[in-house]
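Here come two complexes built around subunit A, the first alongside subunit B, the second alongside subunit C.
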Partner chain A sequence: MSFDYILETRDICKNFGKLAANDRISLKIKRNTIHSIVGENGAGKSTLMNILTNIHKADSGEILINGKEVKFKSTIDAARQGIGMVYQEFMLMKGFTSFENIIVGFEEKKGIAIDFKESRKKVERICDEYHFPLPLDTLIDDLPVSVLQQIEIVKVLYRGAEIIILDEPTSSLTPQGIRGLFSAIRALRDLGKTVLFITHKLKEVFEISDEISVLRDGKLIGTYQPSDVNPQKLANLMVGREVILKANKAPHEVGETVLKVDNLSVYDKDGIERVKGVSFDIKKGEILGIAGVAGSGQQHLSEALYGLTRPKQGSSIEFNGEEISRGNPLDRHKNRIGYVPQDRIGSGCNVNGTIWENCIMGYHKARGFDPPWLLNYKQAHDFSRKVVEDFDVKIQTIEDRVGSLSGGNIQKLIVGREFSQQNILLIIEDPTRGIDVGAIEYIWEKLLDFAAQGVSVLMISHDLNEVMQLSDRIMVMYDGHLYNAGNYLELTEEQIGLIMMGGSLHE
Partner chain B sequence: MTEYLKAMINPVTFSAAFRLGTPLLIGLSGYCFSNKVGILNIALESFMMISAFFSLLGSYLFLNQYIGALFGILSGIVLSIIYGILVFHLGANGLITGVGFNLSGWGLTTMLLVAIFKTRGAANVDASYFASIDIPFLRNIPFISDVFNNQTILVYISPMLILISYFVMYKTPFGLRARGIGLNSKAAETAGIRVIRYQWVSMIVSGATMGLSGAFISLNTIALFSENMTSGRGFLVLASAMVGKGNPIISMLVAYVFSYFEALTFTWSSFPINTQLIQMLPYVAVLIVLFVTNFKNIKNAGDIDQ
Partner chain C sequence: MNKTTKLGEEFKINLIKYSFSLFAVLLIGSLLIMAQGENPITAVSSIFVGAFGSKVNFGNTLHWMAPCMLVGTAALIAFRSGVMNLGLEGQIYFGALAAGLAGYMVELPPIIHPLFCIVVGGIAGMLWALLPAILRLFFNISEVISTLILNYIAILLAELFTILLMKFEKNMSVTNIATTKILDSARLLVLIKGTNATSALIIAAVILVVVYLVYKYTVVGYELKQVGQNLKFAKIGGVNASRVFISIFLISGFIAGICGATETIGVNYKFISRFSANLGWDGVMITRVAANSPGGVAVVSFIWAAFKAGAMHMERNTVLNRYVINLLQAIFVLFISIDYKMLYTNYKERKFIKSQSLKERD
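Then we have the complex of A and B:
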């Protein structure tokens, strides 16, 4: 096998509606290397990988393996051609043993029955060769994440993978787990495999890669040797897009402390620590922006602040001097804390409900539409009309289903609902994700307005530009920790981008 | 009181339990796969009832009980195909579809009874049926003979079907993949498994076995069909499979518990006790079994995640 490139893509294009998720991507992967593919969320990494594994079909372009063009008809074809994918969310069957998980779909057969002996030998040989000491006969239900990941890797090797794609493999691992994974990846390369490593963590990229490719906005920016770039340069390549939107932020005074968070730690339901002892405070009238790549713990932070999940013992959330970390969302409403969740369809509203129902949702109990055990339709309708009017939600009547509105209008409605309750503190996640420019400007304007009137805002956003445009103070979340990133306009986008990728300004 | 207890361990009761377990076992041998791939099919009752009718019709027309059984199997397959198209491809709700099937099944068979056999309520027609078989080597073993001898071929093949089903479920790629689909269908897809194909195969196999169990209902030792003749046995198949979590052997044992209580209603009915009370037994048994097997879940009740 003398081809230089084991895998090559030529002009891969993929559009989702108007969005060009992949725009003429021509990538070359050298045999027997660890090739990192980096890029922000939405840069097109996952789409490209899904095309390589035939989950999506490319609109145009070619895939070459060992210099020969291949056409995939099903996911199994990609596996037959030697492409194996380890998904970020493991594709494992709870209720099966490790062994069953590895062989299912690709069993060795003896007549019509499974040849358990032969399958077992094959799995054991792989475990031996690549040093994965797996508990083959244990149900996977209670195995730790790092072992599950090893099962996934053994699974793709069992299926005969030559090219192993790891999608954000470190996101759910502990530092020890990451070290183990990296030595496994190196072992894979040394035994002749090719590894594609998808990540947005710069530190890891430099630790493990032989080559680095950068994707941005669906385009391949370039492929680099680690020796030719440094973290600063790579961050620039990843986030260096034009700032297109500008908010007219006027400087203003902030008041006394409203929210004081001390040593807050949050575990997710798998028992992994997602927020690691963060401390910060928000003053009256201040917008605190938290930037960071997705999955750094932002969602767990906001859920704990809003009372949806219980933080770890010893965490403290003080609101106007009162400890509230044990409370639930209803208590938060009573305290006048509002919340605009990231998932506006799933948790922000009830798409099957009417507009007026959604306008009073969550507040009918906290403050009551009198009498407290009966709905006062007139009051509810008047309030809803006011929200719709104040926030310029485009609707026919307030009896319309929320599901019939556009994403931007739904977001305006939810933001309007939370803003119209005389809240003292608003927790907002991605206030403008997926909505058009007009709606973005409107919501930004409102946010700045309310802050000027003395409302405190905690804004968690994956859009760095948004954080920079609106925030009085900026923090960056990385791997469950919060890092200071200066006041308004103190740092450049590149500098903050570097912190977001786990780099340090002083390297 | 002692006569009630004696009746409980009387070989006649066990013999009846063995016999009455047959339609449940035959149905389970196919439905366990549906259960494993995650199809909750409450239409089983109508599958069994309609097939029972067509088994009788087939046997009546050809004077051959095997052709009758074939009619039953075919009608079960046709029903499962209709159900599959509605639920898998047209997106109909499985529960509502099932209710529709069950109500129409009752109505359809009652109507056909009038239309074809010109009788209301029950048709005891001149058709061939499965007769009981005397097995010589069982004949002289006490107790065993009373329980197991002199049953029909259908009764004898029912545990064998369960064994085949168990083999396929746990020893073949088909079974492993079917089980995998139920655990995580998305993961199954990434393993190259065509989920819909496995759902269809399970669906049709369950239709065929429910059809054969229908043949037992109308052709076992007597050729007879009466209105609502299955009287909930299809639901017992469903309940057994759910309690047994789709494991054919465990489901079979659960089915025998149900059929044992059904048998008791016969042996106890000769005693001076309110018959309505006795007839409740099998259904109460279902509730008790469900309660006992799910007791451990009580502490999780109300969890939003579940």
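Then we have the complex of A and C:
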């Protein structure tokens, strides 16, 4: 039984609404190799993996294992057929030992009772064979991340996986942890397994892969040998999309410094440092664009800037010469700083509220009513109507529920709310994610307009094209650090793409 | 057009929700009643007579409406802002005890005295509600757990205080544990003679109207609603969530305390240990059925009160126990709580997938 390809997909398609997340993907994975799948966020990597593990059902297309077509009934069925996935977020249960976490759901049985002895033997055999010296009887609560990952790998091996999918496995590891992981991955391959390695970090791809497949915009661009491509070319393949939209930005002068951030560090609630001592400033009328792959620390940066999380001691955020790092969101509103969060539905608006209720959030305290405790309906409605008219939000009446609007209209509403309060600085995340082309153009135009009028904009976006089209100055966030990426049109998209993936321009 | 279709759909789902729940409860209720050898129609008419049959009966309904409305309002304030205050029962007990003490320990002129008792009761309920709020904010203990547990502590603690204060014997039977009768000056005004329909109803109505006005016309009311519907959105908008959380707990506890106080100075004229037949839970159910709207609380409280008054009458005139009504009320709340909208969308999705797979086969 010797087929060249252990896993094959044929014309896999998956649509989410109008979005084609996977568009006729035909991928071939050679047995006994380490196969990297690279692509930007939203390129369709996760969707494809979720189809392989039966979390999603493909709209059409076939999956072949060892040359035979398979149809999975459930995720457990996919595991039985030999596909095991190690997720980015570990699926381990606290309060249980490593051993218990490994065998859960697939215990060896003696009648209806769990045969702990037999299960234990099996786990120990796997640990021995693949050189994972795991502390089997320790509660997982007490173990470091790198060990948890090994537990996840042993778990899929225990379940009989032949193909092991690792989804962004290095994102939470230290450099030493990554080295350990890579030697483990090589050991898996040498002992006959096949590894699918999902990542967007170029350096790692070249270090570990036997073959590399590139996804972009839901399509498979191609499969390459590492010797045939270099980091520059790979970045090109990953981000080199056609530019559909041009912002027609006119270069303009900027004024004095408005925001000055110095040595800002932010920890998340698990105590992991997500923003690592970044420093930057924004001048009056300047659009500073921060590009970067999702999860590089952008979220934590903007939350700290807006006073939602407290930065580490020693961090400094100066706004018009005043230290504001200990303030709260209300202070930011009063300082005339606006914020358009990335998660439009989750934190940008209240979908169950009316248009006017959504328009006056923030305004109601920072600009205020007279007397301040009384909700002045006329003032609230007037302000809301102004937002709606100025920003071309298509509604029937301001008593409509926001949930009944399209994504583009909701975004116009939120941007309008933050722009209609004579703000001096605007922090905006992914201004145009998931909205239609017309709304994108409208919001871009507005952003440039306001910058021309002297409003400073900090734009954090995952869309590199957007950053390049709008920003006076570009920085790239990678792994919690900020890197300078030059002024407007100074660097090419490919060069910035390279920095986004952790590469360096001078290699 | 967009708006009307949207509103129309919401209205349709609500209509389906309430009429289906009513129908289901009537069906289950009829079966339950028939299983006990009683005619459902006799039972229903007996409830109706008990609730509205005479001036006294109607007075009884009004009597029950006051605590229902008060505790319903207390629950409304919490649930509308997403705060799970399940400790209303305990807050009622502290309010009732404090009002009972204020009723005989202090001498004040009429009108002022009952108002004093009510404020004291409210403050006692508020202080008891402060405890879970602190536990949540400083020790991160979920208020669902802490308020539930504190209910039992409150009931027994109120009993212990009464025993110590009145110097009762330890082995005294629970039903006799009560404080000294309150002074006549502390009593609430009786509205319908021969019943316990008192000015508590007016107090409850005033409080509910004030709450309605606060929600409708003040910045605080706006913030309370937004916090309940999307906390993150409100936080980014500059709402101080911790302060809102504490205020909600305190106000909710204050009104629950008032509820206990009116029972003491309007009905029992003394604090009686274990007097409340799960009033706190009635409040939770009333708000649930009223879908967190102040107007709804008034209507549902009236219905709830009619059932409470009618159930007693039914128990006397039929073979049925009045707890049958409690049971049916609870079942009704369960049916109301079903997410019909989600069921509907799931159903549509499944139908869609089925039609897709059928197409594939062709």
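Note that in this section the second predicted complex is superposed on the first by the 505 of 507 C-alpha atoms of A that agree within 3 Å, B and C clash if a C-alpha of one lies under 4 Å from a C-alpha of the other, contacts with A are read in each partner's own complex, and residues count from 1 in each chain.
Rule of thumb we're sticking to: a residue touches a chain if its C-beta (ideal position, glycine included) is under 8 Å from a C-beta of that chain, and two chains touch if they have at least 3 such contacts.
Because the structure is a prediction, the values reported are computed rather than measured.
Q: Should subunit B and subunit C be called a clash or a fit once both complexes are overlaid on subunit A?
A: Overlaying the two complexes on subunit A (C-alpha atoms) leaves subunit C and subunit B clashing.
Q: Thinking of the overlay built on chain A, is A:L374 touched by subunit B (first), by subunit C (second), by both, or by neither?
A: Second partner only.
Q: Identify the partner contact of A:E204: answer first if only subunit B is touched, second if only subunit C is, both if each is, neither if none is.
A: neither
Q: Kindly classify A:E8 by the partners it touches after superposition: subunit B alone (first), subunit C alone (second), both, or neither?
A: neither
Q: Could you tell me if A:F106 is touching subunit B, subunit C, both of them or neither one (first, second, both, neither)?
A: The answer is first: A:F106 touches subunit B but not subunit C.
Q: Which one hits more subunit A residues, subunit B or subunit C?
A: Of the two chains, more subunit A residues are contacted by C.
Q: Which partner chains sit in contact with A:D430 here, subunit B, subunit C, both or neither? Use first/second/both/neither.
A: Once the two structures are laid over each other on A, A:D430 reaches no partner at all.
Q: With the two complexes superposed on chain A, say which partner A:D463 touches: subunit B (first), subunit C (second), both, or neither.
A: A:D463 sits against neither subunit B nor subunit C.
Q: Applying the stated clash rule to the superposed structures, which of 22-30, 58-66, 94-102 or 238-246 from subunit B runs into subunit C?
A: 94-102
Q: Inside the complex, what are the residues of subunit C that reach subunit A?
A: 1-3, 6, 216-223, 225-226, 229-230, 232-240
Q: Sort out for me which residues of subunit A touch subunit B in the complex.
A: 74-76, 79, 85, 87, 90-96, 100, 103-107, 109, 112-114, 269
Q: Using the touch definition up top, name the residues of subunit A that touch subunit C in the complex.
A: Listed in rising order, the residues are 306, 308, 328-330, 332-333, 339, 341, 343, 346-353, 357, 360-362, 364-366, 369, 372-375, 396-397, 399-401, 404.
Q: Under the definition above, what is the set of subunit B residues touching subunit A in their complex?
A: Residues 167, 171-173, 176-177, 179-180, 183-184, 186-193, 305 of subunit B touch subunit A in their complex.
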